[in-house]
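Everything on this sheet refers to the single structure shown next.
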Amino acid sequence: MQKRQTIRVGVIGAGRIGSLHAEHLATRIPEAEIVAVSDIRREAAERCARAWDIPEVYEAPGPMMVRDDIDAVLICSSTDTHAALIEQAADAGKHIFCEKPIDLEIARIDRALAAVSNAGVTLMVGFNRRFDHNFRRLRERVAGGDVGEPHLLHIISRDPAPPPLDYIKVSGGIFLDMTIHDFDMARYLMDSEVEELHAMGAVRVDPAIGKAGDLDTAVITMRFANGAIGTIDNSRQAVYGYDQRAEVFGSRGVVRSANDYPNTAMLADADGVRRDNPLYFFIERYTQSYVDELRAFIRSVTEGTPPPTTGEDGRIAILMGYAAKRSVAEARPVTMEEIEMEY
Amino acid sequence: MQKRQTIRVGVIGAGRIGSLHAEHLATRIPEAEIVAVSDIRREAAERCARAWDIPEVYEAPGPMMVRDDIDAVLICSSTDTHAALIEQAADAGKHIFCEKPIDLEIARIDRALAAVSNAGVTLMVGFNRRFDHNFRRLRERVAGGDVGEPHLLHIISRDPAPPPLDYIKVSGGIFLDMTIHDFDMARYLMDSEVEELHAMGAVRVDPAIGKAGDLDTAVITMRFANGAIGTIDNSRQAVYGYDQRAEVFGSRGVVRSANDYPNTAMLADADGVRRDNPLYFFIERYTQSYVDELRAFIRSVTEGTPPPTTGEDGRIAILMGYAAKRSVAEARPVTMEEIEMEY
Amino acid sequence: MQKRQTIRVGVIGAGRIGSLHAEHLATRIPEAEIVAVSDIRREAAERCARAWDIPEVYEAPGPMMVRDDIDAVLICSSTDTHAALIEQAADAGKHIFCEKPIDLEIARIDRALAAVSNAGVTLMVGFNRRFDHNFRRLRERVAGGDVGEPHLLHIISRDPAPPPLDYIKVSGGIFLDMTIHDFDMARYLMDSEVEELHAMGAVRVDPAIGKAGDLDTAVITMRFANGAIGTIDNSRQAVYGYDQRAEVFGSRGVVRSANDYPNTAMLADADGVRRDNPLYFFIERYTQSYVDELRAFIRSVTEGTPPPTTGEDGRIAILMGYAAKRSVAEARPVTMEEIEMEY
Amino acid sequence: MQKRQTIRVGVIGAGRIGSLHAEHLATRIPEAEIVAVSDIRREAAERCARAWDIPEVYEAPGPMMVRDDIDAVLICSSTDTHAALIEQAADAGKHIFCEKPIDLEIARIDRALAAVSNAGVTLMVGFNRRFDHNFRRLRERVAGGDVGEPHLLHIISRDPAPPPLDYIKVSGGIFLDMTIHDFDMARYLMDSEVEELHAMGAVRVDPAIGKAGDLDTAVITMRFANGAIGTIDNSRQAVYGYDQRAEVFGSRGVVRSANDYPNTAMLADADGVRRDNPLYFFIERYTQSYVDELRAFIRSVTEGTPPPTTGEDGRIAILMGYAAKRSVAEARPVTMEEIEMEY
């Protein structure tokens, strides 16, 4: 039997998210085929290859770049490698799916995006939450006019537990590491750019995070080009699990999403009514979104259409993170124009 | 038959809220007795008297102040009369329940509070929402430690429709007229003072409100003395009805309230699942809170204990409104200390 | 000041439900005026009179029957007195509101209804749940065609705790005492008569209830004249509080109601998500329905229109109770025709 | 690369459910490997083989029975073939997963179960709902004592649309085709056998179903060995989608499940609050249960432990269907003992 024409993919980085993408490509996306996987920890790459029948294993991604039988790469390695890998892949004519963030420095992002542009390849950035069933439905409702003109937006985004301190130290800080997803979500839900933002932060979860120079609790207020005002609420630790909700309020109504739960069983006894906590973290909550995001990437490559999340989306989210950092540092609202003009 | 000793009350102002209080005193609070009602529109006072068997009607509140058989007055007349009436009532030795706000000017508030203090009478300010079943339960949960140390607060407070423009023009603006309730709610739920706030406002509902110099949409971000960060979200027009919710997030969990609905009937048909909108406005939603607030006032008077909402609470909420106005005017965060030092 | 023409009411029985009705008449229904209250326990009548300013107190209801200035009586005394009091009141030309059940014996009910019919007075039976905000909305939805042709009905009706054994012994059994409300609700929601029913019962809550010859747990299945099938689920003890729900399913959709809660506060912590239990029992849950039921009675009397719940409604519910008893006794479905032909 | 020891499976029947199982085996269950697929429609088998890389395709299942390299078969062909295929597979020493029902005739079921017993192979019957996240959690709650002694059970089970009339005619009727799942669910949730049941049925959805000798609407009331009473509510057509809920009430509390929805987005506008309908049908709603059911089968085979749903479970559900049919036919409650003694 002959499979129809598929997109041949190389996966760079076989950690948690790389393995997840490999699984989804192998089992849910018949239009793609993984031909190689690389990881600087060879054992990780081999484990992934065994699990999903991937024929070739590398330690470095270089060999994939020169193989003619690879159409696209998935960049799932550590953040500091993203920009250079994008450049290499673009120069090699590969289509690129890259986990967020592209980089923590705008100059490097710009070089990477220029390479992509010159090569004419597809670059999609991994803002998976745009593909979540709940947020996608919010966006449909808003875009379809069900709430009229948007006036207010709220995004609640709280992790169940902070990452290791060592990670926090190289993460670029809460705004570039965690809020970046919410900045993108804000733009996605509102279909409008942020013109100005004000951030207020605190260290409430763990003093060690503060000593590492970061915040663990924050509220960002944004003014959008369409005139609406929005907030993002972040915490590194919601003890009841991943808290991921949004609400858009407008002239004709309001739409909001709730968390997803592992089951609907509701118990009432003498002590009250109760149910299990929401799904614990992104692997559980966003499974479907990761599949759909990859499907969208493969479709973009196959059909030659623009990807739903672009390099520019990745760049803007980083700039918003810069604005938030400055807003906290200088205790004032910051316009995006002011940030953009510096880059 | 002889009724036991009751608190004899004069009601000043027989408009919507004055009549509501009169009804509650007459029908739900056997410890109180209304002996007179006044309104500059005599017909309003007479209608109220007929409805609730009130023996005496006045046009001006003056005669009540000199009657020995009146223990307490309810000030439900227009805002510009509040401060002077508080002074008169205090000087006459009457206990006072006064609708919010005490006044829009701190100097006048301070004179009124001084009179109260000198006279040693009870003054309670009408922040009825503290007595709402939902918000009271949130406060109990937070005060009882169920969410641990508070980290984040959200208050959603949206009216179903804006008041008449003529009212808006003399209202002192959205922050002193509408947000004042939410400022008090924020202090109540957190049991901590706001140290700094930042406000972002917009005119989204009706350009005429903007022309009148006011806002109709706003987000206020607050930093509390306990280290937490909170937001208030206001709109003058939620077409689906009164939207009154809050959420407190902390180190051990989160607690949030939802809106109240006229019924629980849920319909599912080919078009989806649906239910009726939330209760329309404050009369419907906060009925029980108005009764409980008056009960608390009568109890304070009877037992000689401090009222649950004081003149100082009324004063602080106004100062927070000043801070919000300045924050919008000067596009920067404003500390409460900076505002307080000016008064 | 002169009150407009009111309905002058005598209240018979100043126990829990009589006092509740007196309160509602005194405080919520300006169209009515209580002129006398009676109770075989004089102290109970006096306490009620003091609380609601009722000018006259009796031990026996007889004197009320002969007073020309009494238009209507509320029969809130014990069940065994209902039928005779209805006859007396009807003969005296008084309009009658009577708590359910009219009587446990059809022959006595029939005599009472004949007296009412002969006198041409209004008789309303206290099926208060028809006036509940939730069930009323279900009925509106069903009657309005929102679920199309009804196919299935479910009523869940569970008390928080069983009544005293002494009461159970004279109650007529669970079907005549407790299910009677649900039989009426079934007819109300479906707007169709039950033609056949099958009951299955058990003693699960307390063996003493079984020893007293009664059941504490039951499921009744009914076939309606409109072709639909319905169930009623009863328990004498739901430890989480009063459980009062219904669901109507039809060709175009389904509508269902949920319980009412004392507040909407939802807490999530490491142990899960939880909220307070539903309102405890009928006094808390059905307060509004009791007011609206009396308003409907007073309106019927004032306007001379038929009451929303009639003596016939009371009679049918008792017959359904008979059918359920026989179904359990003979372990077979029983038709209503078979029961009706015996009376 | 060498895969670890896997269970080699032959799939019999490549229709909707057979293809679904093939997908799950191929993509989600690395412990199994599909070595062949058969379907009397060769094209269906070939399509399935292409999709999931299955090396061998047959029209008849016979060749699989004689292959030594096949450990287990999945019987997903039409109901009338199940019993004979179970016998063949058992005689050939294959482990067997069989879709429900085993057969519509007890005699044939008994022969099949005898063959399984003689061969000592594993037979699991496809009651997938036992593996549903919601029902599994209910069962855990009940088995864990969270509701105390069970008193009442309700199962709501409504399809979104009836199957084709041609299917209905050979289905054995609603009780053997549709309710069979609910009979099994009742036994699963209560962990107790049904001793007696009463069924009431109607034709409400489509008169053609009645003309075909079947019902489309039914309520079954059951008495369990543990003393509890339960109901099942069935309809062939819920226009709002698949309605699959259950509730267990007991001495210490109640637990109930709700439907699953495609998203949590809730819209409120001037017309009310609304959300999308529940998941449409079993493919959408029970996806995860189908995967977990197969995992359980493969685990039983691998570990040599009894399967969670046995041939006896399949047999009992059919007997309950017989009892329901007789109950309707003779309009009386029927004991399971009476049915069992006939077979």
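Each chain carries a letter (A, B, C and D) given by its place in the written order, and its residues are counted from 1.
Here, a residue touches a chain if its C-beta (ideal position, glycine included) is under 8 Å from a C-beta of that chain, and two chains touch if they have at least 3 such contacts.
Model, not experiment: these values are computed from the prediction.
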Matching B-C on over half of contact pairs, by residue number: which of B-D, C-D or A-D?
-> A-D
What is the chain whose Cα centre is as far as it gets from that of subunit C?
-> A
When A-B and A-C are ranked by contacting C-beta pairs, first place goes to A-B
Roughly how many whole angstrom separate the Cα centroids of subunit B and subunit D?
-> 58
Which whole number of Å gives the spacing of the CA centres of subunit A and subunit D?
-> 39
For subunit A and subunit B, what's the span in angstrom between their mean Cα positions?
-> 43
Starting from the mean Cα coordinates of subunit A and subunit C, work out the distance between those two points in Å.
-> 58
Going by residue number, subunit D touches two or more other chains at 239-240, 252-254, 268-270, 276
For the subunit A and subunit B complex, residues of the former touching the latter | 149, 151-152, 154, 156, 158, 198, 200-202, 204-205, 217-219, 221, 223, 227-231, 233, 235, 237-240, 243, 249, 251-254, 331-333
Touch list for subunit D against partner subunit A, complex = 1, 26-28, 30, 49-51, 53, 133-134, 136-138, 141, 146-147, 252-260, 262-270, 276
Complex contacts: residues of subunit C adjacent to subunit A = 239-241, 268-278
